[in-house]
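A single structure is presented below for examination.
Lettered A, B and C in written order, each chain numbered from 1.
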Amino acid sequence: MTAEPDAIVESDAAPLGVSARPPRSLIRAFWPIAVTGAVLALVPLWLGDSRLMMRLAVDALVFGAYAVAFNVIFGSTNQLFLCVGALAGVGGYTSVILSDRAGLPMAVGMVLATTLATALGGLLSWIAVRRSLDVIFTGIVTLAFSLSFANLVLGQRKLTGGETGLLVSAGDGSFLRDRVAAYYLFLGMLLAFLVVFRALQRSQIGWAFRALRDNELAAELAGVDVARYRVYAGLIGSAMLGVTGAVFTHSDGFISPSTFEFGHVDVRVLVMLAFGGLGTLLGPVVGTVVFTVMDEVLVDSGQLRTVLYGLLITALFLGFKRGAVPATTDFLRLVARRARSRVERPP
Amino acid sequence: MLEVSGLSAGYLGENVVEGVDLEVGVGQAVTIIGSNGAGKTTLFRALCGMLPVSAGRVRFDGENITGRPTHRVARAGLAYVPAERHLFPGMSVRENLLLGAYPGRPDPSALQLVFDLFPRLEERRRQPAGSLSGGEQQMLAVGRALMARPRLLMLDEPTTGLAPKLAKSAYEALQVLKEKGVTLLVAEQQVPLALSLADRGYVLENGRIRLEGASEDLARNPEVRRAYLGVA
Amino acid sequence: MTAVVLDGIVLGLQFGLLGVGMTLVYGLGGVLNLAYGQMAVLAAMVVAVTLAAGAPALVAAGAGVLAAAAAGVVLDRTLMQPVYRQRGEHRVLLGLLLTLGVAFVIDGLLVWRYPTGTLRLAIGGQAVPILGVRMRVGSLWATGISLAVAALLLLFRATTPGRAAHSVIQDEVGARLVGINPAAVRLFIFALSGALAGLVAETRSMTSPVSVTAGFDFTILALIVAVVGGLGNVAGAFLAGVLLGIVSTVSAYYIGQYITTIVLLGAAALTIVIRPRGLLGR
């Protein structure tokens, strides 16, 4: 199939999720993370008394972590992993099964679960690389994995509790179950993920990733091992997802298929990044804050909430290719530049 | 039949061809010669609506067709055979040809005309176009363009990828078409072949028309001989 | 066993048509329409509502198909235009995301309006024995309609407009060069794909109820069939549909429902990894 519009003009539209070059200086590169951490650390002081609010806050952090992982995988190396929820679910369910059913210590269970999720994600990347799968095929394969995992969990009722889910006993009584403690733990994880994301951007790997995004053939010719970096991104991102899923499950005390299903996780991550910006550093944070607030406000609207999210995805990706926030900051930067040049030019 | 005045066009805001004037009269064979990168393909694409025109005008039989989309230019009677040919690889030779007559109903006499001109195509009429050799694909591309009985036939480097013997027979076929009264506009790098067919020619260099004239005059022109015919 | 296979063929023919609608839009526009299943459900709901209002069955059925086709037209004329302006990978991605958004909008609206909406086309009559198996009348109707539509599609392919549509899939630039307007063809095909989706929802409801929440299930199924058949290949989608229909009923009968879904998903994934061009793709 050849698809050329009427005018054979090279499209200069930037690919979705282009990762911009990170600042060179260490301070400029990492201070946003520090500030974000400081601001978010204050949240429990304000909301700590309400169990419901803290629950939402933890939820927000967890989804922020998911989004950073997605940014690592898709934002850097253009691998459309439509299995964010499933990989986190692998982490969650494996950890619960190993600790509750098989009697392993919780920490061991979590480590093994994370390893499994990492391995599966890495495998998906590796397959996509070996078979030179383009974005759409990668998306379909990962979607198939995601849906298969959901069906597997539903089908293996004895092991997983099926549709009704399982109460998680491992972790009960530990600090994980305390909402405020859990909040700080997840905040720490989110900040750590952001640091990893930033560090990756600034590293050799990050440079290679950007070369990959711009022109894969040129990158290969320049000696960039496309395959290796794709798999690295897959491994790192999947590890983030697996560990988050595992820790969250033990902290929440309950696991069910709906916690990790595509409609619940992947769609939300997409909406968040549509707001905050695909491939940006703080996009996940901005996105999760906006989404959590919005979701709470709309909690009583039932199905209409779905409609709104659909409209948001459509409108945001239509209007702002990189995300609402990056587009707005680009626009503001443009306005500022014009204003400055007008001032500098002699009358 | 075709009048181009002051045409400029290019990609991403930069003009590749600038201020081109050319004319093709009814029944004439006109050639545009120039080396690689001179802008021949860009010019043709702009004429056919495949590329936006940044300046200038194109008139076809008195009608202004500047910037008209490709499919409507084709329906106006201007058939374009690009260097890449753009055949339908999974469809048979016959189906490719029948589609050439779109939107009219396939005319069996037109089909026979093409088969008379290119007997090889008749032999292979049920074969998928993608399985044909380079020379046969070129024949099919020209044949498909002829099915609509175009008033003007534009060809971009018809000898691309053809061995010298095939290139020569391609031009022999074009000569037959010319004798039948088909108006031709051919862009060509192989200058001797082009000048042997054409009545008039234009030399395109760096996007601008440098010379124009009757083909005998161009063939004798010392600059042309030096640059394109390898003669000191 | 024969009964299971026959049921599989009945199902498979519908799978096939469902896949054809999906693969046509991909072949022509390079777009994976993730709102496809919602178009099917829209048709089902229109039929249900029209029937409840007392309209004769044929009118209701026609209204459903028309509604889905209209949805296709609206989608093509509006949201797909910016998508078509993109090229290659960007086009697929943007198309995916936009149609996903549309899918949620339609799904949400339909479920909100008809929370328990279900379409059941009960066709009375005695079961008919075929090859020793008593086939329900609903199944026979579904099969008959599916075969008739398949035959129509085949016939259409041999006509000039059908050839023109196919040529756009083969080489869009080439199609323009012979005077075919790809935008008009894309519009027609989008409408056709909607009509097919609606039709499959209706024939499906002759054998088992179609719920208002079935949208995404339809979409995933269509995607699997289209991928296994070879994206863009109409005959491939039909063949894949029939095969997967039989696999599906056999697996569901002997193993279980959840495993069956995994098997179908696995078939798609395996196709992509082992033979990306699918059964009949180029």
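Here is the rule we use: a residue touches a chain if its C-beta (ideal position, glycine included) is under 8 Å from a C-beta of that chain, and two chains touch if they have at least 3 such contacts.
Values in this document were obtained by computation on a predicted structure and should not be read as measured data.
Trainee: Can you identify the chain nearest the overall CA centroid, using each chain's own CA centroid?
Mentor: Central by C-alpha mean position: chain C.
Trainee: Which chain's mean C-alpha position is the greatest distance from subunit C's?
Mentor: B
Trainee: Could you put a whole-Å number on the gap between the CA centroids of subunit A and subunit C?
Mentor: Whole-Å distance between the two chain centres: 32.
Trainee: Averaged over CA atoms, how far is the centre of subunit A from the centre of subunit B? Could you give it in whole Å?
Mentor: 53
Trainee: How many angstrom lie between the CA centroids of subunit B and subunit C, rounded to a whole number?
Mentor: About 42 Å, centre to centre.
Trainee: Show the residues in subunit B shared as contacts by 2 or more other chains, in ascending order.
Mentor: 50, 69-70, 86
Trainee: Residues of subunit C that touch two or more other chains: which are they?
Mentor: In subunit C, 170-171, 173, 176 touch at least two other chains.
Trainee: Check each residue of subunit A and list the ones that touch at least two other chains.
Mentor: 2, 6
Trainee: In their complex, what parts of subunit C are in touch with subunit A?
Mentor: Going by the criterion above, the answer is residues 27-30, 32, 79, 82, 84-94, 96-98, 100-109, 111-112, 115, 169-173, 176, 216, 220, 223, 227, 232, 256-259, 261-262, 265-266, 268-269, 272-273, 276.
Trainee: Where on subunit B is subunit C touching in the complex?
Mentor: Residues of subunit B touching subunit C: 48, 50, 69-72, 74-75, 79-82, 84-91, 95, 98-103, 105-106, 144-145, 148.
Trainee: Inside the complex, what are the residues of subunit A that reach subunit C?
Mentor: 1-6, 11, 13, 15-16, 80, 127, 131, 133-137, 139-141, 143-145, 147-148, 151-152, 154-155, 263, 267, 270, 302-315, 317-318
Trainee: Which positions of subunit C touch subunit B when the two form their complex?
Mentor: 160, 163-164, 166-167, 170-171, 173-182, 282
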